[in-house]
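Please read through the structure below; I'll follow up with questions.
Here the chain labels run A, B, C and D in written order, and each chain numbers its own residues starting at 1.
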């Protein structure tokens, strides 16, 4: 089995992106699966194009994109991506779309094709904070997740895929007061758990992961 | 023009629901439109059934459901509802569905049929905190919002509709430390602004309201 | 009985200070006591000098200074002031002392001479969030509170006094995300309760108001 | 030079205390100084008695007590301890004093006898979040810090000393939503930096570390 794991380039004034820093440190084999790693530009459109080229070349069984979620306290496994871009800040090529549809012929939203509850569970059993998230935002992270799930829907029906958001790492928050962070080492361990759960679970487990609002 | 505004019954151990408390205090006419008010049970399925009966009877031009979002700092206009129930706590009839589809023949998600940015803007101009939200959660609030938009999609294509979440009011947080609240009076003013914007704007305005994650 | 209530001028880029806005709206008589109101400059040294002149002129029985605590969720009754200035931002005259002693002949700290638990209780019974706070910071608020308690210690042993911090009001946070606020009307009600409790309680009540850290 | 470092026993329902977990992992020599380690019971009075016995036996040049500050985001170097116990929860022997003075003949408060700004600086240069804190609370942590500084004032004028609060570690927060944590490894590194700065700086550096409120 082959698993593609991508991480974004730094954005928003940060000098690194903990997503790609963690991806680089993953083992090349997890739960018997080969891990293929790639860096993706934090740019609308170009990110999806780049992802599609790698998928076309590597033909992975599972693709999981990783992004930075500054301010979140835990590793969050995203449940759904929506067909909409609404940029609060410009991306790395200075694009700032407002309320634009990503793919005219796409669904309003796509659910992750991953055992998200099993992934959360596996991370928590390693004693690392994790949770399901019900929104990947409306910036390039949601954009890429939507693009991946659109590609699965339209072109690669046998591929599985989804998105994971990771917190800032400590060095990013030394000058930000009261901002959550997670050690890079714990992010790497958490992502490894999530990948293992994705490789080993065809069906998701039944366990609440909802939020009231 | 007729506008239906609903508020939920109290849930989660609270003795009141600020959503319905605010609905009761709205004027019976806003921006020339007649305001029809209703209370909806915080119960999966029954909430949608109850809403449908009122819509069938009242034939409103616009329907906006209001719910409590404990912990949020501002009035939030919801952008999207997803086709999934995942209850972290039981509803008022002790139902606690996990990862269940709401309507088998519904879309994965529906976008609000409301000028959400114009509504946020109108509230902020009144100097009351407001924002677009990209997730209504996975409890009865999202459930009812999804049900409303499903009904619009399938049965009432000329109706507009969506969902607004409101914070706790101060009396709910006197025994909860560091928990946000908004005065009931400000919630009423904010909802009135939102309704006015919904009545007066056929098209939404172009203004960012996105989040990075 | 005469009670002096002061509020600061705006600082830190704000166009108003909710402390003085609330002070202006207080009744001129509370619990039978005459309320004397004054505005105090948000300036190290000058604030204490200004306060002392008013005390000298008015000879109040109780003096309570009110300040803005941006970010706090509740009205907080300060327990203690410390003999130290450490300015994170400049004051309104561009002073920014670092680790300077306020009065060389003062104690390291002074406890409020007010029934702080009774004051919290009275506010909460009005259903408005309130709490004891164990730090008034190291800016002009702590400076003035320390100055008041130093004056009580050295010159006015029969006077009572202390400090209350109030949250932002909603209009201050419409452009700050996830920032707590309290309606001005609730701040006024809360301060009135606090003043009544200060007038009516010679001894404080025995009720926990501590924090673990 | 000899440095005594203490950590508390677990309390408040936790199965471990990150303070003592970190203390155990410190090197036995830091910046040329011998490190002596001790565990202190989370109990009013007994904690101070225990600390005094160790000081009497070990005669350290510097004593730094470490405690858990659940909810804080960074390592915090405490600036001041106050002469007051006010327990929000019972200690490990079920004592819950309310507004009790710690030592009748003590000052209202004592400032840490440590170069606190230099300590914060050294930790931040290691890229680990740190800050000065202006309140150690009113529970056993403040109690022990006050006791230590009282002993320095009354009996050991040549000893230096103070208190450091550390965040939860990740395994403590997997079942607490939106709760800050810091990797144990980073806490150990941060404490080592703080100890080095305490050993190497006779005078503190001049750098703001204040808070507005």
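Going forward, a contact is a pair of C-beta atoms (placed from the backbone, for glycine too) under 8 Å apart; a residue touches a chain by one contact, two chains touch by 3 or more.
Quick caveat: nothing in here was measured; it's all calculated off a predicted structure.
Steps from subunit B to subunit D, taking the shortest chain of touch contacts, total 2. Look at the contact of subunit C with subunit D and you find the same residues on each copy: over half of the numbers used there are shared. Subunit B and subunit C have Cα centroids lying 39 Å from one another. Between the CA-based centres of subunit A and subunit B the separation comes to 29 Å, rounded to the whole angstrom. Looking at subunit C, no residue sits in touch with two or more other chains. Taken as a graph of touching chains, this assembly forms a single closed ring in which every chain touches exactly two others. By the touch rule above, subunit B contacts subunit A in their complex via residues 12, 67-72, 79-80, 82, 84-89, 96, 98-99, 107-111, 117, 132, 134-139, 141, 165, 204, 206-213. Against subunit C, the residues of subunit B that register as touching in their complex are 73, 124, 127-131, 170-171, 173-174, 177-183, 185-186.
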